Every structure is written in structure tokens, then in C-alpha cells.
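Letters A, B, C, D and E mark the chains as written, and numbering starts fresh at 1 in each.
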């Protein structure tokens, strides 16, 4: 057992202290507190996969914006005598040309931009229609839920193709029809997912606590239920993006997607598929761009989800 | 005395958080004798649960054992491979978790959750497992056990859930039972049943128990020895009588004083002012110094060592140093002791 | 002084009504809580204490019965504004410190939530100040303000819950086992705080607990529940010193005592009968018991 | 519970009626004749045929006679495949579609769950990223591209599976894989998301404390608690698989309904579209009802929420 | 059956694919290729196509007797003809078939095939009994057809090659179900159809018909058909030796220029660009001329389509009609009427701009939404925009049915569309622009063209007179420039190098397996 060593100061050390004097200096330095966003960002920074994805997506975004101002060729300029050039065979067409002799690189750039815009829009629709719809349905429950769910059943039962055919006669090809088609169909799953999640969350005591504090149902929905469904929302968004891109491909295929001769990733995939056995690069190029983008979106999504989940923060 | 069943030596555990490293427990040394109940009491947030989770090797991912060892049957649990640990957990080492509300799988019938435990560790068929499970449910005081067997956790009140959790821990007759506030959610009658159950387990099977609680009444009833924790450290340990009748550390005294009793009248209750230190930057000296009315200067600078009070009783406070001024901390407690002594006598008379 | 703030008349709450797993959580319970008093509710776990508290605060729709708060029937409050006013005057401390805190909100937001709803203040500094103040009241250092519930121990969480319900300055608080996860020194602190607030703000409490020594210490009157029924009701002293119902007696005899020697000899009664189905009857002024 | 189901079934009839009505009128708004040879037929010939089909009557009369037919269980005759009833047309083709969709769903769900579990257990590591990537590759290009790649490489180049045919189990393998990509990806993502949360809960800790091994903890406890969002998806996914497998069916020569559907839409074959729509709607409502019931089985708390507590 | 080791298959069953599901075995109801492919194998008419797609005698024992006015045709049947169930083939079967065809209850959409028979009009409206139709059985083996007007001989002969009989007993027994499955019909052609259960069936076979009079010349005993809708799949099946005959699309042709197994053949299908006569811009004569001179059809066919199609030199496609005197091709004799001339195009464009007083204009181009049509449309769009500064072309692509409905409604400006002819007669193509023709979507009237065509088809002209008039009409079409002929479409098939005898003609575009043979 130890005994104090400095015998000189002994007596003084063993004197009572007036507590009021020391409490001011209590527990030394207060550790710094980080805000929610700082923490989330910190967490994200340590997720390598997510960071690589983020950088890649930023790169794609920058390139897309840059392509507004400069592209190697006019993506629609045809040069039928140089059609179906393989990649890396002609210096001025690094990624080759398509069946009408258009520059694949420029078309990819253009198509990526268009598809990203579509994806962005679809996400907006999901968030502006699907999320509130699901929230209301799951949170209000009972009769409201019943009615809203029946509406969803009806909406999702009417075949997408019939609706698209209708759009076809009402609308001209272009963004408007794509947007409408997406608005008509894409939010339904999001709504159901959010509803299910909301139903689960509302049984937690903190919802009751909020009620006890006199929060209105609306406030509870947006302050408590919504943030706790974030994981589901982020995850679903990762699917909305490719779904929208493919829906556009279908629309283009039927004739109301992007205006000919403009490209989107969807139309590039469509044409690529047709000649797949002979001009494989025409399929692989858009597939590669899309896959990389999707993978990046998903890894980033995972990272975000984890970063915004307070229960798991601090780990790693 | 026989060899200790569990020896925790110099255990320190940190949590990595974004704000810094939380030094949740520091240099904790504890021994668990066979067949004893060791009560762990102390400030909430003082690291009691962390200590037990370290023993079970169920720390969250951001935890890091900085130093120390946990020896069980000659093996260091901290170094055991996961497979071996799985064999020990639930069978040799059982834990009753602190929060009964969330400790049960909401989607599984409680009966099945209890049975699962048995089936995992014992070579037993389902029928027998069910019988055993029902028996233990009745034992922990669940009426209508047969019907309740099929219920889901959400259909139980907090107290009932807690009993289920306890049933699960007891069902395999563990060698060491860690009970983290097992009766917090229970009413006193059930609580006393549970305590009896634990005592019975200890007496019949020689199970050693680490019992965490805030209720000093419970401690008095169930414990053989007591360790007092504060801010990640053990401040004092000794037999129940040592702690209740001769507390040495001002914190222990404070705890005892703030325990209400039925005999008290309004205004009698004392409390310890202030808040415990932040464990990211724990103070260098006695962590309790800032709230200690009898704090010495040295308390702020130097960690007090354990001073021996008796063979069984040690306390880490500079007040026990020979040079320290003598203080008497326990006036009120003495009164209380005398009061109960009378009652004890009365009981004894009645028994005659 | 004898004005009733809360009157509970023949309250019943059945869960899963009409289904095979119907539960009679509360079965015909009546009592009053006077303004400015602390009404303790003790009883077996699962006896319906929490459910009673939640019914009073209009969090559960009772199966039948009336609950009159300050002259108004709570069960009939439908209008949002009225409800909001009601909830502003009342608040609840939840039994379960884990699931009653939104995991995605920082402690600051949790405590400030009520303030925001009732627009006690609008500016952020004031909020923070108020939050910090409340945190100190319950023994939490304000520098924990930006942390999230999962980063706290059970006792700390419970204190956050208490801080949340006190921050809104209610006039009636249902405290559902507010102390169960706290260590004694903090229990004492909190109880003193509650008493202090009662004095200063003329607060009324429904104090639910199973630790009778603490209930006795803080309460003016105590009700004893068992299997969804109120078995005995009286002043704290009466209940503790002259319990009439065998269940109450057994409850009292089971209270552990912080003295190892006495603990070893303490006698206990057990009670495991189904109580007779009789209404409360006044045996002494203010002391009611359900005994035939 | 039974009352609830009966109520839902009644609602289903109503939904079916509304969907049928809406679809009928929407389809009538699409221009173009259901006759396939309008270029070559003279006006008189065309009118004669239309009269025979009752297409010259006002739309509401067509609607009424169609609906009366449906009430009598008669879904009419196809225009494209004249002299074939809609019922037999669908009846013939629904089997293969259901078979491959079901297989795809089972495969997708199982693999998805496994990938999701790996992701959640190894959160933030490269194992997680790899499982994400694997799951996502499946949805990075439309199923038709996956299908032709599978066919080209596994069927044609390597000769492991039939290129395209419809006899026996081997011929269902490639379409099954192609179709399983979407459910696999979705299920794996949602399982991961949810499981990350579940793995942090106390009952998982307790399960570990019981001495359960990691797989036991995951499959007995964590999974059931993480599956709710995935369940929500599985219903609608199953339905879209059955009817939306058109392109994949085409590529692998599966005699299913997906392809029938698109042809009918393109050819304005109203009775077939109507028949398929109602079949689809029935399937969807049925599966949604089923998922709602399964919700209750998986998570008993949800069913108990229906009344009283709020 | 797995693996591709049967790549070198040179015996046994023949395996083939079909692009879509056939709909019926009832010829009267047949309007699409898959059904007619099935019927080509299993039925035979009075005349038929031989191996080289020439019209020759089928069930007719000898060439028909035609009356002087050309309206009445009398055929005598071969002796001993039998249906696959053993019933004799009689004149009554032909009569029954024609009546069934014209009967409004049949709801035939292929009624144009019998529309020239006497009294068809009344019969089809239900105003006269089917017995009033201009077809009669003169005894058991003689059948007489009476047309309402004189028709060019080639047209009639061609038509007879596709008019099939029905077994009148089976027809009356099955009623409207006749031909809905392979069991609900009997066959008089080289093959019987077996195991075809109707429109939803993807696999069936043709089995040699032992009652067929010419069974000795049928080499393949069995032909198995698999419906294969996807082009890539069809190619993979063929390349792995699973099938010996399949049709493929443009991409395959592009990618396999030197493949010996690839057979391309022109069809009697010509693609045009129509101008809408009701639109300010497209009714402008200068603009039409400008567009007429803008395209290099050869480049379009050889560089863009690359599928064996041939750039159109004039309104009437190559291989359609022959000069009755010397057998010369109509299109070749007409010369290169459709030629690119950028300079002229430029001048006309400037004139257009002046006419309309505008520099900038937009134009909508309507097309089918198939892959090749889209590609053509984009090529046209790009060409027009490149050549005509200030012109903006928008492309609208629609599914075929919707496209057609817009055609009829006149809702288009520029229209990319095609015409496919059943008869080797230039008049069929030239009449596209005749006033009052239902498919003259331009809505323009050209009196001179109408007169020339009326003269040619009034039934009094000799074959060579008529030929001359049609050549003149052809020139008139070009001076008027109401439409721009673009290309003659080709079809492509892959046929195993072990199989011979399969040829595809412009009017008979499906394979005739009765001529197929394994190469020895």
C-alpha cells in the first residue's frame, strides 16, 4: 500500500477545501461538443467506400455540368461513313461511334446528364409525394390508412403501359411526359415503405411522449416519425434512381421519352442491346457508366444512412 | 476461502466517441468469491454496466479494453475466442440486463425465448424444455404461466418482462450470475420473491452473483460484500456490515444518507449536491472530491490508494491517511442503526 | 385546498377488446387528486398504474369512465387547440427511459421540444439557456446537450426524461416511476427538486412507483392498486402505519430496509389471493379500503 | 382478425370494380383500332367488322355489356387471337409466368437476405461494400440487358443452360436469375438498413448473452425484426415480376403473360388488356392483403395497434 | 437437350423459329405473317408458289378457263385429292371457304382478298345470303369464280395462290372455333399442323401429310417450330445449332456481311415519306421538291439500314411488276427518278422560305417506333436539318396502331410510312396517291394521275397498253412530288448451310418447308 511521499507539504495537503472555490474549475476542460451535422460528416469521412463514391459522383456531376459548355462532338451530329467505329480506333472518337456515326463519348456525356436530371426529379417526386403520403397513412392509421391504401391499390393496379399509352396521345415526347409518367408511378412503393416504417415507429414511447407534450399529429409526424424513417427513405431512393432511368428507357422505346435524336442512358442502353452481338461496346459503355453510378449511389446511400443514424454513431 | 471464481484485475475500458475518449472504467479490480453475492452500487454512469459487459465480452463496438484481465476458471475471458465465449455465455455466465423493455425480442413469443436458452446449452428435448421453462416462469412469479408462455413481450408490463429476463438468466443454473438492476422495474413483493430466488440459487448451487442495484435496502438484504463505484473507479469495498455500519468514503456515506426509509419524515432526506465528472477528462485526484464536503487539498491532486480498514474492508480516501484530520461522517446513520437494532431486538423477543 | 384537480370516475381500460387476449388493465377505478398534492400510486407491477396515468393524460382512450381535469372531461377533448392547452398544463415522465427518447434527437432538442410547442420562448439562446438550466436541475452537466440518448446510461436517460417534462412548467405531472433507474443520491436530488417545484409552482403530481419508502416520503396520499383495481386509498401516514388491506400489508412488509442486520430478520407476509370484488369504503375519514 | 380479412376482401371487390372501370375508359381514350388490317380493308369492310364486335356502339354501352359479361364470368374474346377466350388465353400463359416469378422471388429473397446480413454484420468494412456492390450490380442495368448477357455468356458461349426453350427446370434457370436481380437488390438493401438498427438493440445483446452463435442471433432474432420493410416490397415485387417479366420472357421464349400484355396494349386488344388488368389487380390486392396479415405475424405489435391505443 | 454439339446437324427433323405467335389456322381470319406461315405449310389452293416463288398449278388440274370479259374463272380440281382426315377435297370446299370469308359473321379482316367477287358488297353487309357470292361448284371437281369487274390476270393468279379451301364438313362442325387449334382443322397441304393449342402456344410441329398428293416431293418428315420473339435469342439458337432457319433483323445483317448462311431478299414493301396536303409548309410545292432532292437513298439503304434494303429509284419498287412484252422490270425501265441533288434542293428551300416569308420553320416527322424506323427517322431528320438552314425537324415515334390512327386522322406533317403489296402490279403502289384512296394520307388531288390510273384499270386495256399507262402515271407521281420514295425493304433469314430449297419471294415472304432438303 502506498503512502504519500512529499512529507514537507503533508500537512497543508491534508486540509479541507472550501468546495465553492473549486466547483468553478470543476472537471477541468469541458470537452468540445459537435453538432449533429459535424458528427454525421465525421462519420461519413471515415467510410472509405462512401467517400470514394462521393468523389466519383461529384466527378460525374462536374463532368455533366461541364458538358453543357463543351463536348468533343455534337452528340447528334451524324457521320454515316464513320458508323460503328470501335473504341480507341479513331483518335477523334475515343469511345467509338454508333450506327449513325455519332460520337459515343459525347452521347454518353449528354445521356448521363439527362438521366441524372430524370433521377433527380424522380427522387423529388418520391420525397414530395411518396413520403408524405406514406407518413399520413401510417401515422393516422385506421380509416385514413384504409382509404389511402385502397387508393394505392387502385393506382398501382392500373397498368403502367395503359397510362403510358395515354400519355403518348396527350403529350409530346420530352421532359414533360417523362416527368408525368414518373409522377404517376414512382412514388407508390416509397409510400408503402414509409407507411410500414411509420406504423412500427408509432408504437415507441417517444411518440406517446410527444403527444403528452401536446404536439399536434403533424408535428409528431415530421419531427419524430419522419427522421426515424430516414433509413428506409434513403434506401428506397437508391432504387428510385435506376427505376426512373429505366422507365425513361421504356418511354423512349415507346416514343415519349427524350426527343429524338437526343440521348439518355436509357436510349443508349436500348440501342446498345439491339446490336449487342456485334458492337458490344455500344452496350457496355452505357452499362458501365450506369453501373458505376448506381454502385456509387448505393455505397454513398449506405454511408449516409449510417452517418445519420445516431444509434450507431461513434462506432468505428 | 476457496479460490475466487472471477477475478477482475486492473480493468480499464475506454469508449471512442467523436468528442473524445470516454474513460468509462479505470483500474477496476474486483474479486468474486464462490457462492457470494457481491453488490455493485454507485452513481449512475459510474461504469457498473460497463464492468459487467466487459466480463460478458458484450461491449459495443466502440469500446476498447485498455488494460486488465478477467479471469474465470484460470482463463482470461478477454483473450478467449468467440466460440469458447459462446459456450460460456448463458451457461456458466449469465446476465440479467438492465432494461427489461428492450431486452426481449419483440417478435418472438416469450416462452420460445426462454426455451431457446435451454436448447442452446442443454441436451434436452422440446417437451422437457417447455416444462422447465414453464416451471421457471412460475418460479419468478408469473401467474398463468401456461397462457403467458405464448404471449409476445409487448403484452407484458415492465415488471413481467423483467421477470422473463430473470427467468432466462436463471434457467441454466449459471456459475456466475450478473444481475444488472434486476429488480428496478419490479414492485417490492415481486422483488422480494426474486431476491429469494437468487439467494436460493446461491445457496443450493453455489452460484456467485454480481448484483447491481441502486436500492441499498436490497443490498442490505441480499449482499455478502459490497463494492462502491464512482466515475469509473471503485471507491470502497467490504462486507455488507462494513459498508453499512462503518462506511469510510464520504461518497458511501452520502449514498447511505440519501436512502429514504419508511420511518423518515419529510425534510430528512439528504442528497449529494453537484454532478459527477465528465469521463472524457476525468479529474486526476479523487473523482468525488468536487462534491465532497470533506475534500482535502490532496484529493484534487492525487488519487488516494486503498487504505485497509479491516481484513475485508478497504476504502480509497485520503481521510484514512494518518495525517488527515479526523472527521465523523455518520451521525445520522448511527441513529438509524440504533433504531433498527431496537427493531431487531423486538423481532427477537417476538420469536421467543 | 381541497379543490379537486383530477377526478377519475369508474375508469376502465381494456386492451384488445373483444379478442381472446383481452386484458382488463384497469377495472373500475375511481379517485381524486387535489390541487397541490402528491398522489402516490403503488402496486404490483402490471396492476395498471401506467395505464391509469396515461388515461388521465388522454394518451389512451379509456374503455369507459370519465376523467375530469380542472372541471373538464378529458376524454371528450377533441379539438386540437383544447388538447394543446390541456397538454400544456400537464406532462408526463415516462417509465421507460429507453424508448421514450427519440433516438434521433439530441438532448437539447428533446428538452427544448416542449418549449417550442408551447412557444415559451422563440430565440435560440434563450432556449439553450433554459435547457441548460433544466439539465442542471436534474443533475446533468449542460455540456452533454449535444449528445444523443444512446450515449447515456439508464439513469442519465431518465433524468433527461424528467428534464423534458419539467421544462414546460406544467401544473400537473404524471411521474411514472421516475426514480427507478436512478441511484439513491440522485433520487434524493430529484425528489427534492420535485418537492421544491411543488412548493414554488404549486405543482400537482401523480407519483407512480413501487418503492414505497420513497412514495411515502413524497406523497400526501397513496393509492394501492392490484390487478387493475384500487384496493386502498388514504393519507401516506395512514397507509404506511395502519394498512388495512392484506395486500397493502404484504406490500409494506416487503419493503427492504437499508440495514443488513434487520434485513435478515425482517418478516414478510405474502398475499396471493384474488381480492374480493367490492367497492372502496371509507373506514376512517379519508381512508378507504376495498374489503368486504 | 377474420372480420378484418372479410372487410378487406369486400374492399377488394370494390377496388377491382373501380380499376376495371377506370381502365376500360382509359383504354377507350387511346386512339387506334383494335383491328389489325385497317390499311388494307375498305371503309365498309372495316365498319362491318367493327359492328360485328360491337365497337360501333357508344362507349358506355360497350362498358355495360362488358361488365355484365364479367359478372357472369365471361371476359370476352380476344381481338387479336379471335375465337380464343380471354380466360383461356390467360389461363394458358399464367403458369410459366408464375413459376419463374416465384422462383426468382425465392432466389432473390434468399440471396438478398444473405447479402443484407453480411452488409449489416460487417458494416462499414469492405465486405459490406462488396455485398452492396454485388446487390447493386443486379439493378444497375435493366433486366433485359442482364437477360441477354446471361443468355449470351452462360447459355450460348458456355452452353451451361439452354439458350431459350421451355421444357423442364433447366430452361427456367436463366430467366429466374435474370428476374431475381431486382428482388435480390431491393431485399438486400432493406434488410441491411433495418438490421443495422436491430443489431444495436438490447435483445440482440441478450441473445448473445444467452450464448447463441452469430448465425443463430441473426436468423432467430435479428432477421425477423429487420424484415418488415422488405416484406412491404415483396408483395408488389411479386406482382410486377409476374406481369412485368415481359422482356425476359421474350428473350428466353417463356410462354408467359408479360409478353401477351404488351402485345395486347400495342394492338388495342381491349378484352385481353381488361382481363389481364383485373387479374393483376386481384393478384396485387391479394398479395397486399397477405403482406398485411404477415406483418401481423412477423411483428405482433402492428396488429395490436389497430384500435384503442390511439 | 443441352449443349451445342449438334451444330452440324444434317438430318432428322428440321427446327425453325417464328417471330410471333400465330393466331389462327382459318385463312379467312388471317392477317399476319405467323398465321400465314403456318397455313402455307398446311393448306394448298388452286394455284401455289413453286420453289422459286413462281405461281404454278396447285390443286387445279389445269390452267383455269377465263371468259372473254375476264370476269369468270373456272378451275378443275386434280383427281383424288384428300384432306388429312381422308375426306375428298371437292369444289364445295372452295365454295364454302369463299362464303365463310365473305360472311360478316366471320368478322374477317382479310376480306379484301375476296372483295372482288360478285355480290361481295351485299353479302358482307348481310343484305344478301352468302350463296349470292360469285363462286359456284360445278359438280364435284369444278369451281367457278365470278368477279365484279375485269382484273389484271397477274393479280388474280397471285390472289388464287393465297386463297385456301376449307373442309366444309369440319367448318360447319366447328363453326367459329374452326382453326383455333390444330385439332379444329384438317389439312390439304404438304404438312399437318400438330400440337398447336392456339394463340398462346409457343411450340408445335408440322408433320408430313400422307394424304397430300405430292407427298413424294416433300423431304422433311417433320418440322418443329419454336416461337422466338427476341432477335438475339434467335441468333443464339441458330448459332448453337438448335434451329436451322430463323429470321433476323438489320443488326445481324450489318454484323454478318460475309456470312454464307445469311439470305436477304427484297419484299414488295416500299417506304415513303408523305407530305400532308393540309399543312402550310408541306403543301408548298417548293418545299416538297426541296425534300425530294435532299436524300441520298442509296446512302440510307447501304450505310444506315445496311440490312439488304435497296434505295428507291422511283415510286414503284424494284421486282414488283414486269413489262408484259419483254419481262423487263418496271422500276428499271422507269429509270432513276428519285435522285439526290443538293443544289436543287437548296434552291427549292430558298424558294420555300420566300414563299412563306419565314426563315425558320419547324416540321414534325411521324414514324413507327421500331428500331429501324427510329434510326431512319433520325437520319432523315439530321439530313434535312443539315441541308436546310432554318429548318428544325422534330421526330415523333409511335407504336404502329397509333401511328396508323394518326395517318387516318391526318395528324402529321411529314409521315414515314410503308406500303406492302400483295400483287405484282405497279398500280397498287401508284394508287396510293389516287384521290379518294383511303390510304392517300396526303389528301392531295392530282387529276392527271387519277385519269391515268382510271384508264389503266378500266378493264378494257390490254396488258401492254396498261403497262404504258402505268409508266406514265409513275412519271406523273414524280413531277408532283407528293411523297418521297425512300427504300425497298428487305428481309433476312439465316438458313443452315445443310439445308437447301428455302427461298423467299417478294409476295411470299415465308419459307415453304415442303421444298426444304438436307444437303447431301
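Just so it is clear, contacts are C-beta pairs under 8 Å (C-beta built on N, C-alpha and C of every residue); 3 or more make two chains touch, one makes a residue touch a chain.
Heads up on the chains, UniProt names are A, D = ABC transporter permease; B, C = ABC transporter ATP-binding protein.
Just so it is clear, the model here is predicted, and its values are computed rather than measured.
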| item | value |
| --- | --- |
| Chain whose Cα centroid lies at the greatest distance from that of chain C | E |
| Taking each chain's C-alpha mean as its centre, the one farthest from chain A (ABC transporter permease) | E |
| Whole-Å gap between the CA centroids of chain A (ABC transporter permease) and chain D (ABC transporter permease) | 24 |
| Between chain D (ABC transporter permease) and chain C, distance of the C-alpha-averaged centres to the nearest whole Å | 51 |
| Whole-Å gap separating chain B and chain E, where each centre is the average of the chain's CA atoms | 92 |
| Distance between chain centroids, defined by C-alpha means - chain B, chain C (Å) | 26 |
| Contacts with two or more other chains, residues of chain D (ABC transporter permease) listed in rising order | 30-31, 148, 152, 200, 202, 299, 301, 304, 307, 310 |
| For chain A (ABC transporter permease), residues contacting two or more additional chains | 27, 30-31, 33-34, 165, 168-169, 203, 273, 276-277, 309, 311, 313-316 |
| Numbers and ranges of chain B residues touching at least 2 other chains | 17, 19, 99, 102, 154-155, 274, 278 |
| Complex contacts: residues of chain B adjacent to chain C | 17, 19, 41-46, 49, 98-99, 101-102, 151, 155-160, 162, 181, 184-192, 195, 214-221, 223, 240-241, 244-245, 254-256, 258-262, 264, 266, 269-275, 278, 336-337, 340-341, 343-344, 347-348 |
| Residues of chain D (ABC transporter permease) touching chain E in the complex | 30-33, 35-45, 48-49, 51-53, 78, 80-84, 88-89, 92-93, 148, 151-152, 155-156, 159, 161-166, 170, 250-253, 255, 259-260, 263, 266-268 |
| Residue ranges of chain A (ABC transporter permease) in contact with chain D (ABC transporter permease) within the complex | 46-47, 49, 141-142, 146, 149-150, 153-154, 156-159, 161-163, 165-166, 168-169, 188-189, 192-193, 195-197, 199-200, 202-203, 231-232, 234-235, 238-239, 242, 246, 249, 269, 272-273, 276-277, 283, 287, 290-291, 293-295, 298-299, 302, 305-306, 309, 311-312, 315-316 |
| Chain A (ABC transporter permease) partner contacts - residues on chain D (ABC transporter permease) that touch it in the complex | 11, 14-15, 18-19, 22-23, 26-27, 29-31, 119, 123-124, 126, 128-129, 132-133, 135-137, 139-142, 144-145, 148, 152, 185-186, 189-190, 192-194, 196-197, 200, 228-229, 231-233, 236, 243, 261-262, 265, 273, 276-277, 280-281, 284-285, 288, 295, 299, 301-302, 305-307, 310 |
| Residues on chain D (ABC transporter permease) engaged by chain B in the complex (per definition of touch) | 201-203, 205-214, 216, 220-221, 224-225, 298-301, 304 |
